[in-house]
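The first chain written gets the first letter, and so on, giving A, B and C; residue counts start at 1 in each chain.
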């Protein structure tokens, strides 16, 4: 009995091996190993600079003259404490965090409103309106920071949270992504709401937003990373050190190194701190992030 | 309960006219099916009734009241969509109640009772706490039906509700829909492209083409007395054979249809219907054609045909034959001894002949004898 | 035939759109218009504004310095775009081909997307610092004598590599989505035909990915033109002797070091024109190649 069953099974396995033999099984295994080696190599290469930074941030002086010196030191707590407290990095990080949070929240709200109006309202000149919003893609900060600086300075917003948040609140990209997503919601669902006489606010709160959770998380991460990594505009409009954001704070810290006050290990500690929030978000929310990006491209 | 009357209803989109001109009376408690090929305007008609589209011209009346300017909500209709249109983030129960609570016409207690009632009727009690993602297609469709039922609407509007289901489930749901309608007696307008669905479900069936209603009649009448070529060919599967012929002896005596390959005498009463035209189109359904067995002897007006294709369907043999230069299909006995290339003689049922105008396609004559005179709705 | 436009109340719609339109007008359109106007004036620190017409633009066009900076920027962008895309494409392909551990490799490949440019710049300074750098010693034994604080060509290379590094993740994100979209049957057909991996990448995948690759060329170009400001500001300050002085940094200096607002505004307008042309090209190319992929 047993033999009878085993025989065809063995036959099956043999056939399988024969099919695979077309592509030479041993070579395939070698290829797979080679693939992993190549990948590990490339990934290490990409991670290497940050690994170095992480290690250096734990050392006392940050003088590393060769690869052999790349062993973690024992000054983790001390270094990070010094950067956060003595060099105001806690303050910078908080400012950055506040700025990014306000930008994300504000942009999200404004973009949801705008995209809802564009998709779900019967409006005249709608295409023109959408074009008006899309056209702002042509006006990134670097193209207009000089007149913007004058405008914001005239408004008396220099050194304020308003200055580094409000100008960012209109977002063509976010409106675009949300519009694409809204258009992908089956129209019959929308019509069901209409048949029931569901009002716009209720529709937004109970139908639209719950059906957009993933995309909202995705665009939020995109917006956070974008806001957190802003450098040029805060550099220009913020000149009181206490109001500065982490990106520019880092540059200030580096200035201190050149001036001989600070060791590189502290700069690296600051770098690690600045990298951490966006990196965490990316790792935690990579799936919705990737999905939002796919939509953006369309 | 509710009648729906469409008069001279018309809908133009930017560059196309989806609905040309519709006159249609849906009776109280009736199950009316609108059937037609894709693009014929049947869905647009339904959406005009729902209020999801605004009519370019014409009237929609419910119980005599003109509702053309009413919001969909004010029309008290419930719609079931092909893709179910369930909110994916809500449970079955919430899907059913969300719209009702928005409308605010019911108290919470009433809603609970209605949901329980509908759940029992549709056997979906165990689906109420599940989200659509965890339901099969058939289960989703039941919940979508439940959502329509709890609204207690004046009219059910159904837009191809079974088209996303697999064949077996579709047949089962078809029967359930019939039963449900018997139970609820709510006026129902049902759109489909599937003529079998139309025939099995409808109290009456409206056949649409090119934005117009071609004929509205009970299913059997539609089959027996098609008002024009379009209806004749759309209803019935395989489609009715259409053979162009010349008309002889129309003046005075009984007319004779002359085809290149055969002549077919018509009864006396056909002469007035054919007037004195010289050509017409003969329509015969494949199931009204029979193989002449050798023992039958000579048969007047039989048709000589050559077999090209044989399709065994199990319960019958579908033969595709050449007659003169035309193709004709016939249903033969499943175990008939026929081979490819055989020359056959086909007999027809003289009670089941149809004659159409060669130009307009309008039905001129049906040979069936019946008490009722055929009602023709052809828009020619 | 179906319609999503279920609401008709224009007042509500207006209210929903108002904030976005208002912010766009005040902080995007108005400054742009102001820059365009200002570019027609000569306004230097301590002097009254004076209408000079197109003089500022004429000055830019004839200025040898500005021309060479424009050329430098184009060269910088070309190297960054090509470098990023080749590296990212190969990396994406490796991730695409690997079976086990795919999602871990993917995260390890896309993380530089989150990397702040300022951090990237600082880490790179430290890595290849002429006197303190971790890599300076090993590179010296290979015969490369790092001296990029003084050597313009080396500075250009260092900044370029840092800029490429930061942008890899962003490219992998788009490329992996595009590559995953390629029908499995095409891969299998290629395999049955005995097409090798690299040939499959170049002759099967890349052509299908064309729309995505075009999109990325434009995005990366905009990044090289504008997104690399922090690298220049932190790593080289445009030097040594202008070797890394790309347009965006030059513009910043014109305004905030030389306070020559009129000329700076004219430079803004030039940058705007460059973004405009790039976007237009992208728009046309996407249109033209949209039949691929999907």
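Simple rule for what comes next: a contact is a pair of C-beta atoms (placed from the backbone, for glycine too) under 8 Å apart; a residue touches a chain by one contact, two chains touch by 3 or more.
Every value quoted in this text rests on a predicted model; they were computed, and no experiment measured them.
> Could you tell me which pair, A-B or A-C, is linked by more C-beta pairs in contact?
Looking at contacts between chains, A-C has the larger number.
> Using mean Cα positions as chain centres, tell me which chain lies farthest from chain C.
Using the mean of the C-alpha atoms as each chain's centre, the farthest one from chain C is B.
> Could you please state the distance in Å, as a whole number, between where the Cα atoms of chain B are centred and where those of chain C are centred?
Inter-chain centre distance comes to 60 Å.
> Measuring centre to centre with CA averages, how many angstrom lie between chain A and chain C?
16
> Which whole number of Å gives the spacing of the CA centres of chain A and chain B?
55
> For chain B, give me the residues that contact two or more of the other chains.
52 - these are the residues of chain B that touch more than one other chain.
> Return the residues of chain A touching two or more other chains; collapse runs of consecutive numbers into ranges.
Residues 188, 191, 193-194 of chain A each touch two or more of the other chains.
> Where does chain C touch two or more other chains at once, residue-wise?
3
> Within the complex, which stretch of chain C touches chain A?
Against chain A, the touching part of chain C is residues 2-10, 12-17, 19-21, 23-24, 26-32, 34-35, 38, 90-91, 94-95, 97-99, 101, 105-120, 122-127, 132, 134, 136-138, 165, 168, 173-174, 176-177, 191, 197, 212, 215, 222, 225-226, 229-230, 233-234, 248, 251-252, 255-256, 261, 264-265, 268, 271-272, 275-276, 279.
> In the complex formed with chain A, which residues of chain B make contact?
Touch list, chain B to chain A: 50-52, 71-74, 77-79, 81-90, 98-100, 102-103, 151.
> Under the stated contact criterion, what part of chain A meets chain B in this complex?
Result: residues 186, 188-189, 191-199, 202, 206-207, 210-211, 213 of chain A touch chain B.
> Please name which positions on chain A make contact with chain C in the complex.
Chain A reaches chain C through residues 23, 31-32, 35-36, 38-39, 42-43, 46-47, 49-50, 52-53, 56, 62-67, 69-70, 109-111, 113-114, 116-123, 129, 132-133, 136-144, 146-151, 166-167, 169-171, 175, 182-183, 185, 187-188, 190-191, 193-194, 200, 203, 225, 228-229, 231-232, 235-236, 246-248, 250-251, 254, 264, 267-268, 271, 274-275, 278-279, 281-283, 286, 289-290, 293-294, 297.
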